[in-house]
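In the two assemblies presented below, chain A is common to both, partnered first by chain B and then by chain C.
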Partner chain A sequence: MIIQNTITSLFHFMPEIILSISSMVILLIGTLEFLKKYVFQLTILSILLASSFSYMVYPETALSLFNASIVKNDITEFFKYICYFIFLIQVLISRKYLNIRKLDSGEFYSLLIFALIGCLIIISADNLIVLFLGIELSSLSLYSLIALDKSNSLSSEAAIKYFVLSIIASAIMLFGFSYLYGLTNSLSISEIIVFSNTNEISNLYLFSYILIFIGVAFKFAVAPFHMWLPDVYEGSPLPVTNFISSIPKIAFFVLAYKFLDGNNIMQIDNFHNIFLFLGIFSVIVGNLYALAQKKIMRLIAYSGVANSGFIFLALYAAIEYNFSVSAFYVASYSFATVSLISLVTYISSKKYNLVYIKDFKGLSASLGFISVLFMVTLLSTAGIPLTVGFYAKYLVIDSLISKDLILVATLVILMTVVGLYYYLRIIWFMFFEPGINSLVNRGDKLSVLILSFIPAIIIMVFLFPEPIFKYIFNILT
Partner chain B sequence: MITMTHYLVFSLLLFCISIAGIFINRKNILLLLMSIELMLLSVNTNFIVFSHFSNDITGQVFVFFILAVAAAESAIGLAIIVALYRVKNSIEINLINKLKG
Partner chain C sequence: MISNILSLLIWVPILSGIILYFYNRNEKILNIYNVLINFFVLALSIYLLINFKQDVEAFQFIEKYNWINTLNIQYFLGVDGISTLLIILNTIIFFIVSIYNLNLKIDKRNQYYASFLIANGLTIGVFSSLDAILFYIFFEALLIPMFLIIGIWGGANRIYASIKFFIYTFFGSVLLLISFLYINSKISSFDINYLYDANFTLVEQEWLFIAMAIAFAIKIPMFPFHTWLPDAHVQAPTSGSVVLAAILLKVGAYGFIRYVLPVVPIGAMSLDIYFIILSLIAIAYVGLIAITQNDMKKLIAYSSISHMGFVTLGFFIIFQLFEKTSNVDDLIISLSGSLYQIISHGFVSASLFICVGSIYDRYKTKKISDLSGLLNQMPVYSWFFLFFALANCGLPGTSSFVGELLIIISSFKANFIYAFISSSTLIISAFYSLWLVKRVIYGEIKIDLDKNIDANNLEKLILFTLALIIIILGIYPDFIMNFMNTSLRHISETIIFKL
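Up next is the complex of A and B:
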């Protein structure tokens, strides 16, 4: 780990700085009448600039910036690239949707970039203060983004629900931070982990870790803490839902990884069984509730609950091996869900009313290729072969079986079969039922090209999983 | 003599009161905001106590950050409540029930 002084730290921190400056510039330009129409182009430009700069200053060895409050290594950079890529796709897809609803103002893009910066800071933070500020930066921007559609009462309702539950989650997490600080007298995450390995783990240390992971479970929407997710997915504008469903989950996965990796607390049964119970409960609750849903966004939300359960099961299995299975699962799930919600956004931006699941009837007649893309993504979230979702689920179940948890693995497979029903029902509606919605098909070639990106990746990674999985395995060990 | 344990029990009680305030309260959103503030203040008490008894200043620095963020949070919360009032003409919690499956 090479320690940098403040000036060189600023240089290595440049991608985030570029993003924050451009976000403020976009906010300013959004108020000027004659420059207003360029905010979208500026957003795309800034994200491209930041990611290429991030490539230019790629650290050869691990770096410690700003007095050990930010770290940069292969892991953080890998997840940051995933965030940049997902964010780019989300912004490109959502332009027309926002345009129809008069939401494409400067403050929308500015707040969205701020939320992204918050998540990037969570990924690279090594100090509890910086971590807290990153969490709050992303969630404060998300509260206002959800409530931005002021004419829609559902949107402000979703905002108030997300606001209250998210603050409870961060306050519980902060309470855990305060006990960790009291025990170790340090705010650095790496020193907190060293403390657990040199001293005996006290009950207070365990208690503070449980509080922190209750906060993480809230953000992941794992079963007993999932009640905000369906309401927020349904109420908020689709581009914001798209953001919430993917990038914060990647960020909080890296947070969980940082707190757990190389920590002796993982040897304590009472602690790591929490992951097992939350995971099983979440897989059951998510799949069973999803069966009863009539609205498409609520269905995606409950399938997200089930997938978060899988992530927690993978974290549980990571105790003796390493975190590569869970990292692979997080990456594959966030790609699939982004593709799913982007497709819904694209169809909704064509004035096609897509709220209920029965609205899918006969979609393939008017939007054939889009329906095929939808099918590939749905099969990936369901875990059917020929998609990367199958490989990710297989790895999780395989690691459960190798820990002699045959019963749990059987239960999880059964629940996946239950989940197949509601995914296949959508596919049935799309291809084999007569349509009730009429739609004027106007080709939008660029959007279709962008939308077909992720399904192509989903199939490619299934066919050649070795390089990407080996890469993840190498950076995590 | 007031020891560190007294302070810690006090802040834990404060935290539990605020959680109960959020979940028991069924009428008013403003009370929710107050409970949230109380929650963050109990965390602050914890940090100050640890910082004071271990002669380490960083805990008190953290408290300043939490205070600043709490102020921003209540500003945004009030703004959301105003937006809610404009479309619903009421801020009662019982009326926030439009989102369901």
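Up next is the complex of A and C:
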């Protein structure tokens, strides 16, 4: 790892700096009447700029910036690219939706970029204080983003719920950080890992980890820490839901990875079994609750709970193997869920509110191609072959079986059969039922093109997965 | 010689199906395009048949590429005698279906054709893949077009039927996935040749057998996993029923002979009695259920389950045959009886479903109680219906007779009781087939359609072709027997070697 001084650190930290500056500029411009309409373009521009700059300063070897509080390596950059890509799609798709609801103000885009910066900092932080800074930056922006739609009472309810619960989770996490600091006398995550590999692990040390991972479980919405998720998904504006469903999960996965990779604590039964039990519990709860849902966003939320359970199972399986299984799952799931919510956003932005699942009836008659995209994405979330979601579930099941947890593997895969029912329900409403809405098919070509990116990726990666597997297996070992 | 012929067979229909899905302009072009593609696939498969070397034991037309190195998954295709025959059955049926579809008046015609084309390619993929995961992927992907066919173009209760179909079979296939992954965790390969060489302990084999056998038993389907089939058949459009009965059920049977019996024979041997009992229940009891049906499609569906009982009986008595006689030829006779039954049933059930579909198109009912006296209104058509009903009950001279006879002979060698129960089908199937004919074809006219509604030329052509195939298979079975003999010997020797 090459240590950089402050000046060169600034250079390597440029993407985040660009984003921060542009988000402030956007906030400013949003207040000016004659420049107001350019906030969207500016947001797109800043993302493109940041990601291309990020490509330009791609680290040849791992870098350590700002007195070892920020690291940059293949893993962080890989997940950052995914974040940029997902964010770009989310912003591009949500313009019309926001426009109709008069939400496309400067502060919306500015807060969204701040939330992104927070997540990017979580991904690259190697210092507990900086890490907490990133967590709070993203959370605070999200509280206000959720509440932004003042005309919607569900929105405020969601914001309050998320605020209270998230604050508690952050506090528990911070509590864990403080114990960790007290025990190891260090704020650096890499030094903490060295500590746990050289010293005997005390119960208090274990306890601090458990507190931290309660926070992580909360952010992943793993059962029983999932209570906030359906309300928030339902209440917040769809572009915000889209953000919450994907980018924080990627960020917190990298956080978990940083804490657990090469850490002896994973060898302690009491600790790693937490992942197993939470994972199983979450898969069961998520799938069973999703069966009963009537609203599309609540359904996606509970399917998210089930998928987070799979991520935790993958983390459990990482004890002996590596984190590539979970990394692949996180990436695959985020792509699928972003595609789902983007499609819902796109349909909802045509002055046709897609709230209940029965609103999908006959969608294929008016929006044929969009329905096909929806179907591909749903099948990927369900883990059916011909989509990349199959490999994601496959890898998790495979790693469970090679750890001789055949019963667990059978249980969770049977739960996905249960889960298949609610995915199929949407497909049957779209394709099998006669239409009840008079939606005119006047989709703008550009949005449809953007929306078809992720389903295309889903199928292409299914057909030619080897390069992706190689890359992920390579950077994570 | 065309290289990569199997890949062509798989991907040409799939890709042209995808193109067709998004093309919806000229109906005439659609029809021609669809028939041409199906004909091209049929011609390719006949080319495969001609170039196949019958006396070679190993797999032929092999295509082997590393697909996903990190997970040991290969793109590994190849055929032996069994899979070649099933591919031919598949392409013939799909070609006939594509001709039959010309008559239909449906909306979203392009998507209808596309679903069938994609199903065609995927089924060939199932029959030719020699890598377990590749097989699994085709096996499961095949559900999607069938799900859409039943769900979009099906009858009034189509949603219930399609969901039941999908979830039931998906449930089975995840058990299959678990078994394959377990095998991989022991031998680090999905290659069929390694699977055949692998040795597992008795407990492992039993569990693997249960998981895989449930997966394929649902697909075949065996009693008591059969409940999805009557629903799916009744609701599916005619062409969907044809494909379901003629092709999809065979996928399950193929799975047994390719992935269950040779891979975990000891497990199969220790549990074979249960499967024999279930097969006998299917033959006798489900046959009795068929008698009581008032819906023609349901009757044929139950008779399919009953006939599939013969197939599984033929598969599972081989272990008792081996204990009794230790002669590999007895095993081959039993297995070839099953495979003959598979192929014969493919044609017979397809023709029966086409007949019922044509009745439904004219009278808008499938209820037996609503129909009577068809002979007066459509004589040519009724003749064919009578012929296929006779073929269904195993009349000597038709293809069904050969398979059933071989299996009954083999079960005599194994145990008299099995033979006794399974021969009851000769009465039961005659009962439901002939009684169906009696009620529908003969008698007074109930619904008087005042037009010339006899089979048109297209239908005559289709029905005649099918009847011809059934007769040829019935009087000259040697061709198929010789064709699969070497492959069956190879499989039987693999099984015996492992016992």
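Keep this in mind: the second predicted complex is superposed on the first by the 477 of 477 C-alpha atoms of A that agree within 3 Å, B and C clash if a C-alpha of one lies under 4 Å from a C-alpha of the other, contacts with A are read in each partner's own complex, and residues count from 1 in each chain.
By definition in this document, a residue touches a chain if its C-beta (ideal position, glycine included) is under 8 Å from a C-beta of that chain, and two chains touch if they have at least 3 such contacts.
All values reported here derive from a predicted model rather than from experimental measurement.
In the superposition on chain A, contact of A:Lys161 is made with chain B only, not with chain C.
When both complexes are overlaid on chain A, the residue A:Phe469 reaches chain C alone and has no touch with chain B.
Set against each other, chain B and chain C touch different numbers of residues in chain A, with B touching more.
Legend: residue contacts after superposition of the two complexes on their common chain; A:Arg95 is shown touching neither chain B nor chain C. When the two complexes are overlaid on their common chain A, residue A:Phe132 makes contact with chain B while staying clear of chain C. Residues common to the contacts of chain A with chain B and with chain C across the two structures: none. Looking at the complex, you find that chain A touches chain C at residues 369, 372, 379, 384-386, 390-391, 394-395, 397-398, 401-402, 406, 409-410, 413-414, 416-417, 420-421, 424-425, 428, 431-433, 465-466, 469-470, 473.
Those residues of chain C that touch chain A in the complex are listed here as 21-22, 66-71, 136-137, 140-141, 143-144, 147-148, 151-152, 158-159, 162-163, 166-167, 170-171, 174-175, 177-178, 181-182, 184-185. Of all residues in chain A, only 128-129, 132-133, 136, 140, 143-144, 147, 150-154, 156-161, 163-164, 167-168, 171, 174-175, 177-179, 181-182, 185, 187, 230-231, 234-235, 292-295, 298 touch chain B in the complex they form. Chain B contributes residues 15, 19, 22, 29, 32, 36, 39-40, 42-43, 46-47, 49-51, 54, 56, 58-59, 61-62, 65-66, 69, 72-73, 76-77, 79-81, 83-84, 86-88, 96, 98-101 to its touches with chain A in the complex.
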